[in-house]
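There are two complexes below, and they share subunit A, which is joined by subunit B in the first and by subunit C in the second.
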Partner chain A sequence: MTNISISSIIIYFQKIRRNLSSNLFNTFLSLVLLLIISLVCLNTFEWLIFDANWKVVGSNLPLFAFGSFPSNEHWRPAIWIISLLVISIITLFGPKWKWLRKNLLMAWISTIPLGLYLLYGGFGLTPIMSRHWGGLTLTILLTTCSSLLSLPLGIVLALCRQSSLPLIQKLSSIYIDVMRAIPLIAVLFFGQLLIPLFLPVGIEIDRVWRAIFAFTLFVSAYIAEDIRGGLQSIPKTQIDAANSLGLNQYQIIQLVLIPQALRIALPALTNQSIGLFQNTSLMAILGLVELLGVGRSILANPEFIGQYIEVYVWLAFVYWLVCTIMAVLARHLEKRMTINPANF
Partner chain B sequence: MAKISSSDLKIMRRLVSGIVGMTILLTGCASPSQENSSRLDLIKKRNELICGVSGKIPGFSFLESDGSYQGLDIDICKAFAAAIIGDSTKVQYRPLTAAERFTAIKTGDIDLLSRNTTFTLSRDSLGGNGLTFGPVVFHDGQGLMVKKDSGINSLEELANKSICVGSGTTTEQNINDAFESASLPYTPIKYQDLNQVVAGYLQGRCSAMTSDRSQLAAARSGFKNRKDHIILKDVLSKEPLAPASDGQDQKLGDAMRWVVFALISAEEQGITKSNIDKKVQLANRNPQLKPLRRFLGIDGGLGEKLGLSNDFVVKVIKTTGNYGEIYNRHLGQESEVPIPRGLNELYNKGGVHISPPFN
Partner chain C sequence: MKKSQKIFVQFGICFFVISLVGLLINNLTINLTRTGLGFNFNWLFKPASFALAEHPLPYSSSDNYAWALFIGWLNSLKVIVSSLMLATVLGTLIGFARTGKNALLSLLSAGYITIIRQTPLLLQLMFWYFIGFLGFKDNTFIHIKNIIKISNQGIELSGLTLSSEFSALLFGLGIFTSAYIAEVIRGGILSVPKGQWEAFRSLGLSEKKGLLSIIIPQALPAILPGLTSQYLNLAKNSTLAIAVGYSDIYAINDTIINQTGRAIECFLILLTSFLLLNLLICNCMEIINKTILNSRKYN
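Presenting the complex of A and B:
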């Protein structure tokens, strides 16, 4: 037994040696690179553990999580974020109970009204204005609301673009092309600065919702193109087959086209939602105190001036964590859909 | 203060102000007729003041760990709320970027702007941004910071030295003008934004760095050994920072103006948060102290003329203290962002703050 493991280790090391030091120059190169990498790692760890002053993160954790949400109501956004986490875990580990699995989609969709209820309050909870929303809560709210709104809009736009009616087809392609030709920051500026000017006095749309609408309008154009890719990869013969089975137009779209197109477009849609999550940080320069905005406000506190690196490293970690969770979830979903496509 | 925002914002602001200008032109004809009632009444009815702030400037407005806003700009908002509503907690702070601050006033998104805004002609005039400015609450200006052990004490001693500066800003222009008019040679070392300027200065790439004095002080309070750096006395530009409101609304503008003057006047008369009650008693007992009685609202009915309560000065001083107290709390020597008062002293102590009489 030990012999085998020792010889396998020797083989392993020989492999490394062969790969890294086939001749003198390569050996030299390997050593230098190894030295540089270990130096960088060492310095980074030394900074992370000894030099960095993590008090700026530690004493502001509630701010990063909830912004200036009143502190005696912190449990509300906390419940929402925890419920999102729980549903993610349930989705990942695939529950055995069938009823739960069946209702998972409904659970995901219902997190948004739940979140809005918990944040806005009313019906028994103290109402809280959206100006108190902030931090990770606001970032997640922007992402979930915008993606939930833009998916149906994107599907409709993709279908319209495939439509045989020239007016509808032209209009939706113009919309998609225009939206894709405008940078996101311009759309967001439009939403934050110009919409209030166009509205008559007295009518006011909340700035959080203005941001959500701007993101929705922008992302739906991209989603439409992703879904169009999915639609186009479905063979025409399937539509003919569905026709001959006597399905009407809507049934074909609902039962044949959309499910398959969504499955094909899933990796691209994941990309969009992760991109959307990261793009919400643009709102920091437009005056919303979401995750990045809170970080910038905290850096102006005289107590924490100059601790840029700590704050930005921490923010990078949080963004990485959430994006990774999203990516893992999407990969899991993809796997489940390809294993048993008939289930869908 | 233009230089507060990063340089990319500047470009966007230019772009946006173009678009905004066009939009105002387009909507100009359709804009609803000015209502007769002032926003002052609206604020009272709403029982809440909406104050536009930055939220990202050390010493002026920033987020405290408990989620509340603090700073000099914030205290000005509190003073307004105390004067108009009678309760300094009834303020809604709206963090605004430099780009959206004027639109926010024009659209009625906010009542007052207390966000490090430089008072200029084009912002004040009807043909420009159409705002009206209150009295200056902080005289900022471009300054220079050097290391103490360099022995440099004035602009002249910086001849032939290198200076770290943010590129493409008015800061760069001002330092150039200053050295050119003194016909001194120098080497500018340009960086994209203030953080890089600070980093370059700390790494010793230049003998001095330049920015607004408030920013220099803020940057310095983040240094490990802040005592080793000094801000030179030379001031290269004028950046008078003042609160602002909609220029169409004279009633609100007047109230704003006199609340700030009340803060300054209280300092002139030595009325502070701690002795205000005694001063009120004193004024009540002595009918011959006419100016004090008028100031504190016992005689004269001055507050009513502004649409405020007569004792608005008492309410304001009770919540924030006088101007000097506000300054010392956030920018004084004991604070975390110490800035020498300089121009911000009272007129009789070498500064420029002066209040017209409360008559």
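Presenting the complex of A and C:
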């Protein structure tokens, strides 16, 4: 028993040796890299533990999480974020009961109305204006609402671009190409400053919804292209088969094309939503106090002036953590959705 | 669908879009007359009366708005082209390190790619600006004779001076895009069948020669489209310059809107300038693409 494990360890080390020192140059490179890595790690740990002044993060944790939400109502966004975390954990590690798995999608979608109810208040909760929303809560709200809204719009745009009617095809092509040619910040700027000019006098939409609207317009163009890629890779025989089964055009789209296109486009779509999460940080320039905006306002506070490194490292960590959670969820979803490629 | 039905549906949708646009424009005119601004471009030729820290061509605050916008466009082009080169060089190196034989190097570049890709660009730009350049406590970081000097004033490279805003943007954009380019390069190299590697090795070619004359020419057609889209992304991302106070085309439009309130006109100008930038990059890449494909054909 010990013999086997010792020999396997020896083989393992031999493998490492072969990988790292196949010739003299490689050995040298590996040694230098090891030296650099250990130096960087040591310095970073020393800074993280001894030199950094984490008071700026510790004393502002509620601000980072909830922005300027009234402090006696903090439990509301907290419940929302915790419920999102619990659903993520159930999705990843939960039991494989059939009824649970079936209703998971509904649970994910219902978190958005739940979040909006908890944030807005009303129906028994104190109403809170959207200008008090902020921090991680606002970042997650922007991401979830815009992804949910842009998916159907993207599907419609992709179908229009594939349509046999030339006028519709042209219109959606123009929309998609223009949206993809302009920078996101211009679209967000349009949302914040120009949308009020296009509305009739007296009607106003609040800033958060204007931002969600702008994100939706922007992301749907990218999603449309991803789904178009999916639609194009569906073999033509699928449509012939559906036709010969006697399905009509809407049934073909609904039952044959969209499910397959979505499954093919899934990795691209999850990348879009991770990108969207990162891009919500642009709203910090345009005046919403989301996660990065909170960081900026804290750095403008004379008490914490000059503590850029601590705040930025902390923000980078939070963004990285949420992105990683999203990426893990996405990989889980992709694994569940793959089918045997031999069936094609 | 029958032909008459098709025409009817298209007509209906066209009518809907036109009436929607008409309604929006109607609202816009009402709002613009209410605020007393109207819609015209005469203001372009009035003096801009703001200073620009960086201008590749002569500029003073008595020049007109149109000239200021052109300077902004040039500034954008300057930062796009230089960070594009940095990103390509870095990205290629990291892409090769990622696919290379050295496991440690490959692991290290994988870590680099994940960390860069999973934090927002805006945060990285601010990091480079406020910590990387403004953070030097004793003003000078590196000072090697007269060749290179890095300080909180920017970079001085044997006579060439780069402001700290420009340098932060150059590093931020370059490093962010390099992580994406590395993935493109890696995808391109992996798309070359393994048999090609075995074939050149069995022919007795050295690794370097085989990589240069067998693998890379075959990987290029897979790499170039991805590279083009990364360059376009870089051009779009360069508008984040406003966060570090570099006066690119977006920042100058923003200043003008704050001064004159001409939001609609400035937005149209911004769209047009980006259309021009996109066309420029696409055409250049198309030319490069063609040259490379042609050179392969005749060899």
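Remarks
We adopt the following convention: the second predicted complex is superposed on the first by the 303 of 344 C-alpha atoms of A that agree within 3 Å, B and C clash if a C-alpha of one lies under 4 Å from a C-alpha of the other, contacts with A are read in each partner's own complex, and residues count from 1 in each chain.
FYI, a contact is a pair of C-beta atoms (placed from the backbone, for glycine too) under 8 Å apart; a residue touches a chain by one contact, two chains touch by 3 or more.
The structure presented is a predicted model; accordingly, all values stated were derived computationally and were not measured.
Contact with subunit B, but none with subunit C, is seen for A:Gln307 once the two complexes are overlaid on the shared chain.
Of the two partner chains, subunit C is the only one touched by A:Gln278; subunit B is not. Contact with subunit B, but none with subunit C, is seen for A:Ile298 once the two complexes are overlaid on the shared chain. Once chain A of one complex is fitted onto chain A of the other, the partner contacts of A:Ile185 extend to both subunit B and subunit C.
By the touch criterion defined above, A:Ser71 lies against subunit B but remains apart from subunit C after alignment on the C-alpha atoms of chain A. In the superposition on chain A, contact of A:Val40 is made with neither subunit B nor subunit C. Contact with neither subunit B nor subunit C is seen for A:Ile82 once the two complexes are overlaid on the shared chain.
By the touch criterion defined above, A:Pro62 reaches subunit B but does not reach subunit C. Residue contacts after overlaying the shared chain place A:Ala241 against neither subunit B nor subunit C.
On subunit A, the surface patch touched by subunit B in one complex and by subunit C in the other comprises residues 185, 189, 193-194, 196-201, 285, 308. Of all residues in subunit B, only 8-9, 12, 15-16, 19-20, 23-24, 27, 32, 55-59, 61-68, 70, 92-97, 99-100, 103-104, 106-109, 195, 218-219, 221-223, 335-337 touch subunit A in the complex they form. Taken in their complex, subunit C has these residues touching subunit A: 1, 6, 9-10, 13-14, 17, 24, 27-28, 30-32, 34, 101-105, 108, 115, 118-123, 126-127, 130-131, 135, 232, 236-237, 239-240, 242-243, 250, 254, 257, 263-264, 267, 270-271, 274-275, 278. The residues of subunit A lying in touch with subunit B in their complex are 59-60, 62-63, 67-71, 129, 131, 185, 189, 192-194, 196-201, 204, 285-289, 293-294, 296-303, 305-308. Within the complex, the subunit A residues that touch subunit C are 16, 19-20, 22, 26, 29-30, 33-34, 37, 164-168, 171, 178, 181-186, 189-190, 193-194, 196-201, 249, 274, 278-279, 281-282, 284-285, 292, 308-309, 312, 315-316, 319-320, 323-324, 327.
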